[in-house]
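The same chain A turns up in both complexes below, where it pairs with chain B and then with chain C.
On to the complex of A and B.
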């Protein structure tokens, strides 16, 4: 799997309203401005199409930062 | 000038509710024992009911029915049609052109031109743009645009998510250089288009034509499927399509407005291709458009591919929603990947 920097960039790319370079691995993604359930769905869809890992709402609840998300995806791809 | 003067549409006789769909799915096709209720099915796409053509009924047949309704309902003389554009992802043959056969079916004049346009969810926009070019350049005065599709024929009955969304239907639209009495009489202007062929496989009808045609080995998997999937099998990468729609469609809407030097507040209604109700609502929220101005009529119709926009416009006209001076943004997006739109002025 790719590195965290590429992962951050991919998420940033999906959220048009975000300025480039705003997100870091330490960003709590729920604190992104105007965060909504739509953003959660975008993240789920992005991870599904990029890594073939289908997260559910409970999976997301376990995570706070983008690093957490990255680790979660990585653990699921390694197990797969 | 160029006007959309009249629209009529036609559905197959048979429709199926969520309860009926789930009953059929569970009793015949749910081999993986998926547990899904009618309510969950509705929540995913906001569809209660979709239409299904009979086995021997094609997109052409639905299109002919829509065109005959158009002639009757709007009192249009079929002899005045000089150009027929048939838009569909479900053409009859690789040859001849389906529209040529329709000239005969519909008893149009032998001086009438006839072409097919192979397009899906952006098909109505493409058809309109061609009709406008033909009329603007004074080649012809009256274009009949028929948009019809039968997606249910290429869906495997075990693909419950696709069965929930897609629906068979046809619409016929008359585009002319002059208004007609008691017509819709909507003017339209510049078009915005976009294409991303890298997403071809995101929404794809596999084994459907010249490249990798359906062979005996492939078809033998589907002996128990009523259609036999002889015309191919639709596959959809839902996540990719969702990301595409949520990224491209808001940008498309903005680009259409910029091209006409308009802002959101200038638009009375937004009529987007009825892809999936939930997804449309996300797009609406992303663009901060009020619910009253954003048409979602998918609930009792389903996703009718290239027929969805004209069906919505026709219903709005019948409900007296369309008033003189209004501006209506229309846009299609989907298989291709492809997107496009324009603004109608009533």
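On to the complex of A and C.
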């Protein structure tokens, strides 16, 4: 799997209203400006599309930061 | 007793219909995964890998209800061919190939009634639902055309188009929604949201001899966006 920097960039790229370079691995993604359920849907769809890992709402609840998300995806790709 | 084939028999709406009316019909079932209790009335059918001999042992049918279907929650930009295949095979191709196969093998009696599950999403799209919405629109086009082609045999062909029914499919939506958006959604139903029995009862009517004249119709169940709710 790719490194965390590329992962952050991918997420940033999906949120049109976000200025580049705003996100870091430590960002709590729910605190992104104007966060909504649509953003959660986009993150789930992005991870499914890119890594073939389908997260559900409960999986998301366990994560806070982008690093958490990255770790979760990594653990699921390693196991699968 | 009417012989009815239930396709996608493990879906929640199918289970409700079967529980409500199993004594009224002689039912045959297909599903992608075998349920716990199986007998010779169950046929394993996967529309990702369809085998056209799968209906060979069925008797001639008085009706069919197509419940198979899956939702999609993928923005267009992130959609891959595998998403397209999965959704369209279940929601559209399965309906198409099942009917084509049954007709070719003379398994559908004159005067039969065919019912397909569509969704209000075909009229009211939602974010991330491009594949779901367009596959249901395709299904509705198919239903109207089939009604024309089968009219001479007095075979009735209709779609039932429910709003989100509280249950598993709606819960998959709830993953992406908050309590307040669900409240907003409920408000779009002036009589309140529907339950599964409302859908089953309409299907039961369409299959019955009472339905002499309804064909080629898309019947919405649930008073979603009726204009009564301003």
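The definition used in the following text is that the second predicted complex is superposed on the first by the 80 of 80 C-alpha atoms of A that agree within 3 Å, B and C clash if a C-alpha of one lies under 4 Å from a C-alpha of the other, contacts with A are read in each partner's own complex, and residues count from 1 in each chain.
Throughout what follows, contacts are C-beta pairs under 8 Å (C-beta built on N, C-alpha and C of every residue); 3 or more make two chains touch, one makes a residue touch a chain.
Worth saying up front: this structure is predicted, and the values here are computed from it rather than measured.
With the two structures aligned on chain A, chain B clashes with chain C.
In the superposed pair of complexes, A:57 makes contact with chain C only, with no contact to chain B. When the two complexes are overlaid on their common chain A, residue A:49 makes contact with chain B and with chain C alike. Contacts of A:18 after superposition: neither chain B nor chain C is touched.
Legend: residue contacts after superposition of the two complexes on their common chain; A:40 is shown touching chain C, with no touch to chain B. In the superposed model, A:4 lies in contact with neither chain B nor chain C.
When the shared chain is aligned, no partner comes close enough to touch A:72: not chain B, not chain C.
Clashing C-alpha atoms between chain C and chain B appear in just one of the listed stretches 20-28, 92-100 or 182-190, and that stretch is 92-100.
When the two complexes are laid over each other on chain A, chain A has residues 14, 38, 41-42, 44-46, 48-49 in contact with both chain B and chain C. Listing the residues of chain B that touch chain A in their complex gives 237-240, 242-243, 246-247, 250-251, 282, 285-286. The touching residues of chain A, counted against chain B in their complex, run 14, 16, 36, 38, 41-42, 44-46, 48-49. Partner chain A is touched in their complex by these residues of chain C: 73-75, 78-80, 83, 127-128, 174-178, 181.
Here chain A touches chain C in the complex through residues 14, 37-38, 40-42, 44-46, 48-49, 56-57, going by the rule given at the top.
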